[in-house]
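The structures considered in this document are given below.
Shared between the two complexes below is chain A, which has chain B as its partner in the first and chain C in the second.
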Partner chain A sequence: MTTQVIDWWAIAPPLCLVAAAITALLVDAFAPRGSRALPCAISLVGVLAALLASAALSSHSRATFCLPASGIEQPVNCSWVIDDVTLAWWLIILVSTGLIGMLLQPSVHRGELPGGELYFLLLSSATGALCLAAARDLITLLVALETLSLPSFALVGLRRRNRRGAEAALKFFIVSVVATAFTLLGISMVYGATGSVAAGRIATSVATGAAVEPVIAVGMVLTLVGFGFKVAVVPFQVWVPDTYVGAPIGVAAYLSVVSKAAGLAGLVIVLVRFFSPYVDLWSPMVAVAAALTMTLGNLAALRQSHVVRLLAWSSVAQAGYLLVPLAAGGSEADIGAMQAYALMYAIVNVSAFAVVGAVSAWGAVTVDDFRGLVRTRPWLGLALTFALLCLAGLPPGIVGLVAKVAIFRSAVEGELTWLAVVLAINVALGLVYYLRFVAALLTPAPVRAAVAEPPASGQPGGQREPHGAELFVVIVTFIAAAVLSIFPGPLFFVLP
Partner chain B sequence: MISASSFGGLEFLVAGPAVGAALLPLLRDSRRVTQAAIGLASAVLAVSIWMWVDVVSADGAYVWQSNASWIAALDVHWRLGVDDLSAPLVVLTALLTWCCLVALLKRAPDCGGTSALVGLILVIEAGSIGTFVALDLVLFFVLFEVVLIPMWFVIAAWGDPHDEPGRRRAASRFLVVTVTGSALMLVAFLLLRSELGTFDLAALTERARVIESDRQILIAVLLMVGFGAKIPMWPLHFWLPDAHSKAPTVGSVLLAGVLLKLGTYGLLRFWYDVVPVGALEVAPYLGALGVVGIVYGALACLAQPDLKRLIAYSSVGHMGFVALAISTMTPQGLAAANFANVAHGVITALLFFVVGAVKDRVGDSGFGVIGRGLYARSPHLAAVLAVAAVASLGLPGLAGFWGEMLTMLAAYSPHPDLPQTTYLVFMVLAGLGVVLTTVYFVVAVRKVCQGVPASDAVTDVEADEWVAWLPLVALTVLLGLAPMVMLWSADVVAALPVTP
Partner chain C sequence: MPLLFPLVLSALLFGIGTYVVMARRHAVLVLMGVELMLNAVNLNLVAFDAWWHDALDSGQVLALFVIAIAAAEIGLGLAIVLLVFRTHQHINVDAMRELADRDGGQRADQEASKHTDRGAGSSPDRVAVTPP
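Coming up: the complex of A and B.
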């Protein structure tokens, strides 16, 4: 038994988040009242430190927590690997977490959410997301998945005196626990059949087997359930609309961006690092799931007039698009296309949620309530318009268009022309509801009472000015999306 | 290559209007914005004519080529270049934009926001010219999409003031159908890339013949459906009548004169240059759909109680002729399609200008509302309408004639691998379409221009309208009397069955 040498640099980014999480909780507990911005500031520092630490890692790939080799059939296997793919996921996760942290600050400021707990839970969950992207054995994956999930249940139900939030959290919790149980069952089957939980060893033993072993195949499919739940792949999308509506809007943004990105990272790791020899088995499965997810998401979104529900179903549809490169086989170029799309989606979706959060704080709920936003609040309105056009993938949102081109390219080069055609039809379907929303924003008609006047229910807020942090997020994401529309190159930082 | 690529002429044609669209609205005063935009459009028009002269002197080969990397990871470049297929369409786009801006100077739509409208028109110009000169498939796709949202805006915000839900529905239908088509087109482009490993149109043209024919057929079908939504080819035409009739005058002009051409241009470019083998298999279907469009458009026109919708439906018929010409897969067909394209752009733009003027004056474009006897009530307006109508029905001596004539001649002798008898039937049916077209235009002119004058007077054509319309009238006559202006290139002349 030798002591393990731990590469502390390799685990520095999650450690930064953990440290910031604990500090934020303690500071909030002992700091004098009235310093409500402190937990947010601490977590932003933590996120920045994690980003810097990841940047320092980018020169070459690293691995730690390794099992030594024992014989030919048991090569060295590391549970924690940092390569370009991991770092790209980390960038997406950290940037989105930082922006969403800022989005949540106005609610803390108004006393709707407890600051210390909020940022502790947010950063803990993000730590799970980071670990998920670096994990290379099934146990680490599962622990990371749970670290991602458990705080997010609490986040959904964190709003004080809000029954809807509690209900949403409970629903989310139950479905998620069932999904994780499936994953656990799958892991145990894979372990039973291969005798290992490590990526390299499972891949080796799968590759040396002459045929597809039913036990391993079933285990693989069950393992995917927990991650598919995070990504909101059909049929694991049922929790999405109610949870998004019940949760604070910033938390909904977190679920739709960070949680989804982490789930995708998990799917990619399981399928590509563990079961790549079974590509002929899982590729059609993922393709069908992608087609169903985008179609169902778009069809359901067509019928929504509630803005958060609309964004919820749109995020289901986008999850379908994001799965396409994985269905195409998950080669390096495919993963690059997926991450380019995920980065674009993270930026513009955070932007959309930021504007919706700012506007809904004064009582706007349905698409009709947003009528004329471009006239009354030009910057908020234009930013939301641009974000929606990016999601739809139409110029001037060229960044969305280019990301879609990358997705289409994966589908076509992976010999999935039928999926590309389904994708084409879905792009047009999605256009219908994004356009309806954009048309409402641009209507010159007088704005309805909900936006023009304080809500009658006596909630805090009324026609208030957007909080500085919200405006900052809106402006930063808008500028990022606009610059990437002119120079889309940086979007593809991971493509070979 | 004759001209130096460092000169940046095509970059100016694309970026000039785009930058103008971003900066000009800062002038605030909408009149000054429009004036400045007219100045810019004049410069674009002048450069485009210069470019056309260069293309002629290069005998139709690509000129003014340039190349700059855009998205390295996807191998997408700003590859630009222009040849005898795209040059006339670039000039047409520049001319029609100029006419639209001149028309806006004095008579902007009531809804206000003329600066924004001018900006959107310039974006449409940039996107359209860019599509015509793009030699990179992804760049072509992006620029093809650039025009959509501005045109959606133009219809949804400045369209028919009496029917807000209607104009919005028309705008969205236009957008959704076109985007479906262009997404399928993108799939075809990516199939080409996965076969040949490049997005460069010139390289694709050289290597294309190695693609096996199954793949070529698939690509040709995807291209046909994709561009067919834009042309629009029957039965994908259903968005067109509403979009044209709800759009403001400048919107209808650009939609008919420029945007429909993007579809036919794309089909000509990619079917003839890139997947000719696959296209030959699919061509008879395109020809059949084109003929159905010709007859269907004519019958629909006969039943129209509204002059603006009538002209919109007449576009279905005219674009059916272009589709039939393309489907012959011969150099004659190519020349006929290109000529009919430009002729339709000029004539239909003129028709929409005139009908828009009538609609502005009497409030609606229904035959009942316009009333009879326009010759007596405003003679010049009626005369321009009559000239445009007879040009559209294909009277010899005006531009419309040659497009239809050459198309039917091309259908008489299609590519040897195509079913000759089928094309003979197509030709006869197209001839029937010509007869029906004559009938409905004559009936329309009779209803509007002749007869006992209705009591209310109609203001006649005013000076600014003459400025916007006269270039189109002149071009209609010029193309009719001297078709060699467009049919000059040596191989086209050699391929023609008659010497025009």
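Coming up: the complex of A and C.
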């Protein structure tokens, strides 16, 4: 009987989040009333500690929870691996979680959401996301996926006595647990065909042809279902618009950024670490899924006038773009391009949701309600305009353009010319609705605008000054996107 | 015992579970369907574990995790169903169309949001005792 040596440094970042989550819950339960900012502050400290801990890990790759080698055909295999790819995902997840945590603070301040529960659930879910990016065996992947999902159902339905929140939570929950059940079936098939759950051993057994090929192929496809659901790949995108509209806006931002990034990390791990010998089988599948996802997302976004629904469909389209480098084969350069795009998307999408959240708090729902925002609220209006231009990939949103060129290049280099053509058509299609929205923001004469002509501030739905935390998030993301537009170099820090 | 028996049984269970999820409109029955699917997977895992004589017992370990996950899912699921019952006075999955996409939806969406505000303001006590 040997005891296992655990590399505590390697698991420090998720531990920081867990500690902060539990502290936030307990402090909120025992702190005197009126200290509503405490859970947010604690969770921000936790996220910062996790960021520092992962920065300390960046010198060389680490691994822990290892199976010893047994014989030649079964090399050492570790369930928890931290390399450059993992750390890049962690950076994206932690930064967005921190920003979204601040974004949610105004609702806590107004008493719409319970602070302790909110931050406990948010950080628990983010812990799952971190574990997902580091996992290298099917059991860890599955538990991480569930740790990511379960708190997010509760987050969606957290507003008390809210009809739409409850409906959104139920829809999200049912689709998600069915997707998880299919993932589990897939995992059980892969285990049955290879006799192992560890990435290295499954890859070896697939490469040597020791496994039963049809069973393992079906198992692989089913395993992808749960991750595809998180990323909102067609045909698993149906929950997205309804859930985003029904959830608190900060939670919608969380689902569209952190949950999506974690799902992508899961897809990359499953396809590249477990099933790389089957690249000829999954690469066309991912390519078709990417093409369908971006096309459907853009077409559906074209006819939306509800702002959150527009952003929801736009996030589906962006998921299609994000899958392109994976379809190209998922080499290191491809994953680098994907992560650069994901980082850009995380920053500008949080920015867009922050502005929409601040403005919709005084009753703006449709694109028309946002008319003339640049005149009435220059900071909010300009930040939203810039974020939309980045998502569209138009100058001055250079960072979006650079990221799009990166994925375009990986499609061309992966000899997927047709996918590159579909991508180009879709980028043009996306311009239509992004620019329509931008045009509405810039229109000088507000027609019928809750934004421009607010009701008297005493009335319900009256104009409310944006909370400091919201403004902070808007300004930070705006500056980050602007700086990356001038110096896009840091975006590609993960590229070899 | 041949591997085939548990696998066929598990496939049947998973199929029934999928059917229940798709055909039933009652949210609790949908949850039961999901539970059937998860338990079909457990049977699969344990059968494969025994068949491989897995020294690490990965299949059994995963089955234990799946049991824990299923319990968590059902706990959370019932909480959400309860929340839906409090706000909607029914738990019919197909009847929930308030958030559904509408054509030319801006007016409709605003109407819906006003309706939501009224719904949110209604007395929770009265709601809780109303039969479905």
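Methods note: the second predicted complex is superposed on the first by the 481 of 496 C-alpha atoms of A that agree within 3 Å, B and C clash if a C-alpha of one lies under 4 Å from a C-alpha of the other, contacts with A are read in each partner's own complex, and residues count from 1 in each chain.
Methods note: contacts are C-beta pairs under 8 Å (C-beta built on N, C-alpha and C of every residue); 3 or more make two chains touch, one makes a residue touch a chain.
Because the structure is a prediction, the values reported are computed rather than measured.
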Partner chain in contact with A:421 - chain B first, chain C second, else both or neither: first
Per-residue contact with chain A, leading partner among chain C and chain B: C
Touched partner set for A:435, first chain B, second chain C, both or neither: first
Chain B versus chain C as contact partner of A:398, first or second or both or neither: first
Partner chain in contact with A:379 - chain B first, chain C second, else both or neither: neither
Touched partner set for A:472, first chain B, second chain C, both or neither: neither
Partner chain(s) touched by A:167 [first = chain B, second = chain C, both, neither]: second
List of chain A residues in touch with chain C within their complex: 67, 138-139, 142-143, 146, 150, 153-154, 157, 161-164, 166-171, 173-174, 177-178, 180-181, 184-185, 187-189, 191-192, 195-197, 241-242, 245-246, 304-306, 309, 365-366, 368
Residue numbers on chain C that touch chain A, as the complex places them: 14, 17-18, 21, 27, 30, 34, 37-38, 40-41, 44-45, 47-48, 51-52, 54, 56, 58-59, 61-62, 65-66, 69, 72-73, 76-77, 79-81, 83-84, 86-88, 93, 96, 98-101, 104-106, 109-110, 112-113, 115-116, 119-120, 122, 124
Complex contact set, residues of chain B against chain A: 70-74, 111, 127, 138, 141-142, 145-146, 148-149, 152-153, 156-157, 168, 172, 175-177, 179-180, 183-184, 186-187, 190-191, 193-194, 218
Touching residues on chain A, where the partner in the complex is chain B: 336, 340, 389, 394-396, 398, 401-402, 405-406, 408-409, 411-413, 417, 420-421, 423-425, 427-428, 431-432, 435-436, 439, 442, 444, 488-489, 492, 495
